[in-house]
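There are structures below to look over.
Both complexes shown next keep subunit A, but they swap its partner, so subunit B is in the first and subunit C is in the second.
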Partner chain A sequence: MAALIQTIYSGLVLGAIYALMAVGLTLIFGALRVLNLAHGALMMMGAYVSWLTAEWIGLPAFLGLPVSFITMMLVGFAIYKLLIGPMIGKPNWETNTFIATSGLALALESFALLVFGPRNQAQPFAIAGNFQFLGVTISYQNLVIMAVAAVALILMERFLTQTRSGLAIRATAQLPDAAQLMGIRQDHVFLLVLGLSSGLAALSGVLLSSIFFIAPTFGFHPMLKSFIICIFGGLGNIRGTLYAAFIIGITEALVSLYLGVRFALPVMFGLIIVVLIFRPTGLFGQREVVRL
Partner chain B sequence: MNSAPMATGLGRHWPWIAVLAFVAVPWITDDRYLLAMIILFFVWSLVVVQWNLVLGQAGIFSLVQFAIFNLGAYFTAIVGTHLQIPPAISLVPAGLFCALFGLLVGLPCLRLRGPYVALLTLATHSVVYLMIFADTSGFTGGGYGLYGFGDYGFRDMFGSFGQLVAYYYMALVLLIIGCLVAIWVMRSPLGLAFRALRDSEGYAGAIGISRYRYQLIVFTLTSFFIGVAGSFYGTYLGLVDATGFDFGTLMLLLAMIVVGGMGTRWGPILGCALLMVLSEFMRDYPQWRTMAVGGTVIVFLLLWPRGIADALARLFGRSTKKPASSAEANGTG
Partner chain C sequence: MSEPLLRLENVQSGYDDHLVLQGISFDVPEGSVVSVLGPNGHGKSTLLRTISGLLRLRGGSIRFAGEPIDKWRVDQIVAAGLVHIPQGDLVFPQMTVRENLYLGAYLPKAHVRRDEQLERVYHLFPRLKERSGQLASTLSGGERRMLAIGRGLMSRARLLMLDEPSLGLAPLITEEIYENIRKLKEEGYALLLVEENPERVADTADHIHLIDHGSVVWQGSAKELHANDHILTTYLGV
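Moving on to the complex of A and B:
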């Protein structure tokens, strides 16, 4: 029984990190209709930025998180201005942005490999120690992760529902043309979304690396999982994505406990294939009306 | 490589001139490295020509084709290792196995649209990889791979260098068959059906064209040829292992198609040649290679979003057919 509770608890921690990652991905897809394959690489960069602030610049480790968020947000702006922005609306742009972002991901990963080397690094943004509660071992770092994720997600929710910029993002995601007619500058919205999404990727990168490690390619599998979560929750649907993140996190923990870690991904993929056969737009996705 | 600029002078015969040039290469040079590179070029060209039918003609944004390629190699390696069936006999069955696999993947995937197809097929790719990599029973060789499962016996027939030449011609023949099939598909009722679906899905549906059925046919057919290509490649290397599923190679092949021109007849082969030559230039700087290729792909996509085949055709003033746009064909909006 204790093992089960422990597993569900670690599933919740994973779910919190996945939620941060997947919300960033789904935000981009919702507003821009772009699948950003560089998300995992941005995560990795975010983790390294946090590592750099503590190890190279020598700032206190807790500053790694905000510094990484802001740096990656700027990187996100640059990616929109230089890469995705010029492609949107051009012929084949849906495929081309997919290829271009994956090209960017590969380039960033090999850049990291060149600069930081293949060795795994420990994330300095971490607190050691743990305590026992109801027979479950809870580490302080996991509490930090949950707190950061909760605060970030709540702030995100407030931003999207209460500020003008947030409303502009949601309006653009719902009906791009109508939003533009209402005087919303699509270009600004897209820029903002890319920045926010990259910032969220950085946060999740720092948090995830604090319980594992930092390596040039460590973002790839979490990104795949985030894609699964996005499909599960319905691409572009933020609330659905949140639920899906926790469902997938707990499923992953349970499968790892009862079947073994190596079956975690295959079982998840199998699950998503079954879900998609019966609900082609995800568990929480709305049925898209096809107009002829 | 040598074919595109000839397009104006020699009209529509340049594909055959290119074939003749490639037939002549082993007589001109005995550079093993060059021949090996061209064999690789043939294999990748065959894969991207078939994959292009799926992406550009049928408008399915599928990423599972690279896993199918590897499955073709694994089929040959597994029956060679465990049943002692030589690769020459398992070449066509490997294609059939892959066609069946393609059909099984296509049945659920093709019911979906646009980005969901891309993500689900990428997920399928990862499942196949993980199932093979994590296998510890020795059936797939797991992380060690399989080798010593036999070959076509070219070494006994033609000697050490003749073996390479034999592989070279076999790859060329496979590529020519693959291209002819691709052209046939584009001109056949299948191709016409996809053009109709692209131009107006409503009208096409009203006269009884089922997108699902036609997409499934193309998906299965191309899986066969991609599987054959994989089986050949595995036998040629003599080694099949899980690193074949490398995500970077998958994206490189996809980039060949898109940079060359998705949905165009010769674009993917041009893209394949371009990226392979570029990659060769960077051979002495391996640590910069991925960055250079990634950067080049991005620049090409920014400059020529329809691909270089389209850009060349415009440069030489030939009327260009409207390439299949997956965005329009999928209707994801």
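Moving on to the complex of A and C:
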């Protein structure tokens, strides 16, 4: 019984990190209709930026998180300006951005391998120690992870529903042409979305590496899981993505406990196939709205 | 005499390598209602999309309030007061009625007078006020149409372009929508009204242009259109 509670609790921690990552991914898909295959690499870069902040620059470790968020947000802006922006709207842009972002992922991973080497690094943004609660071992770092994820997701929700820019992002995701007719500049929305999404990827990278480690390719598997989560929750649907993140996080923890870690991904893919057969738009997905 | 509010000269436009509009010219004077009629698929929506900047002009010129706008971005055209209310129920489905209306006043100039404008729209469409907290996807067809028009009014429009406001609505609802359109005319808005059915615009339009295969084939007043039965039979089959 204690093992089960412990597992569900680890699933919640994983779910919180996946939620950050998958929301970033679904935001880009929702607004730009671009599947960003560099999301995992951005997550990895975010983890290294936090590591650099403490290990190379020598700033206090807790600054790693905000520094990483801001740096990667700027990187996201640059990716829109230099890579994705020039392709959008041109013939075959869906395929082109798909290829360009996977190319970017390879380039970033090779860059990290070159600069930081293949050795695993420990994330400095971490608090040691734990305590017992109802027979479950709870580490301080896990509490930090859940707090950061909760604050980030609540702020994100606030931003999307309460601010003028947030409204513009949602409008663009729901009906791109009608949004333009409101006077919303699509290029500004896309730029902002790339920045926010990369920032969220950075947060999830720092948090995930704080319970595992940092390595040049460590973003790949979490990105695969994020894709599963996004499809599960209905691509472009933020609320659905949140629920799906926790469902997948807990499923992963349970499968790892009872069947072994190596079955986690196969079971998840099996699950997603079943969901897609019966609910092609995802568990919480809506029918595709008619575009102008 | 000063220039009309909107002037189209030999407007050509289309999609990819297919030219839809073959050179369309007409004016919309300040405060008047001009209607564009034509069967489906003959370039009416393409015309509005070109004027509002969603589609690039291939030839000719578009002038609004004395300035050439054909190189402007969509947001600049909206900011100038030329507002396109698109066809169908293009209200943001997963937003409330109020959020939809707020988005109509997205641009800074309209934003400062948002609440004042909101009251005007609620006065014109009391049903929207009752439904203000409801998601747009839960509205009826007629309510959605009202919301789309109200959202257009939230910007500081001088000319409203309406794309088939009666499309798919029951006759009674259509009549209600048209009553509101006539109210807008009385308030001094210039209107460019696209319709398929000439009966709809007969009491409202000052001037009618008939479009067929991307060209204007006839123009005149509603009365003149009725006097020329053969035109209706030839082009619209009514």
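Just a few scattered comments:
One rule holds for everything that comes next: the second predicted complex is superposed on the first by the 288 of 292 C-alpha atoms of A that agree within 3 Å, B and C clash if a C-alpha of one lies under 4 Å from a C-alpha of the other, contacts with A are read in each partner's own complex, and residues count from 1 in each chain.
Basically, a contact is a pair of C-beta atoms (placed from the backbone, for glycine too) under 8 Å apart; a residue touches a chain by one contact, two chains touch by 3 or more.
On a predicted model such as this, the values are computed, not experimentally measured, just so you know.
In the superposition on chain A, no contact is made by A:163 with either subunit B or subunit C.
Comparing subunit B with subunit C, more residues of subunit A are touched by B.
Using the contact criterion defined above for the overlaid structures, shared-chain residue A:120 touches neither subunit B nor subunit C, since it reaches no partner.
Contacts of A:262 after superposition on the shared chain: subunit B is touched, whereas subunit C is not. When both complexes are overlaid on chain A, the residue A:137 reaches neither subunit B nor subunit C.
In the superposed pair of complexes, A:180 makes contact with subunit C only, with no contact to subunit B. Looking at subunit A, you'll find residues 290, 292 touch subunit B in one structure and subunit C in the other. In the complex of the two chains, the subunit B residues touching subunit A come out as 55, 61, 108, 111-116, 118-120, 122-124, 126-127, 130-131, 134, 200-202, 205, 247-248, 251, 254-255, 258, 262, 287-291, 293-295, 297-298, 301-302, 305-307, 323, 325-327, 330-333.
The residues of subunit C lying in touch with subunit A in their complex are 52, 54, 73-75, 78-79, 83-88, 90-95, 99, 102-104, 106-107, 110-111, 151, 155. In the complex of the two chains, the subunit A residues touching subunit B come out as 29, 33, 35, 83, 86-87, 90-96, 98-100, 102-104, 106-107, 109-111, 113-114, 220, 224, 227-228, 230-231, 235, 262-263, 265-266, 269-270, 272-273, 276-277, 280-281, 288, 290, 292. Taken in their complex, subunit A has these residues touching subunit C: 164, 167-168, 170-171, 174-175, 177-185, 286, 289-290, 292.
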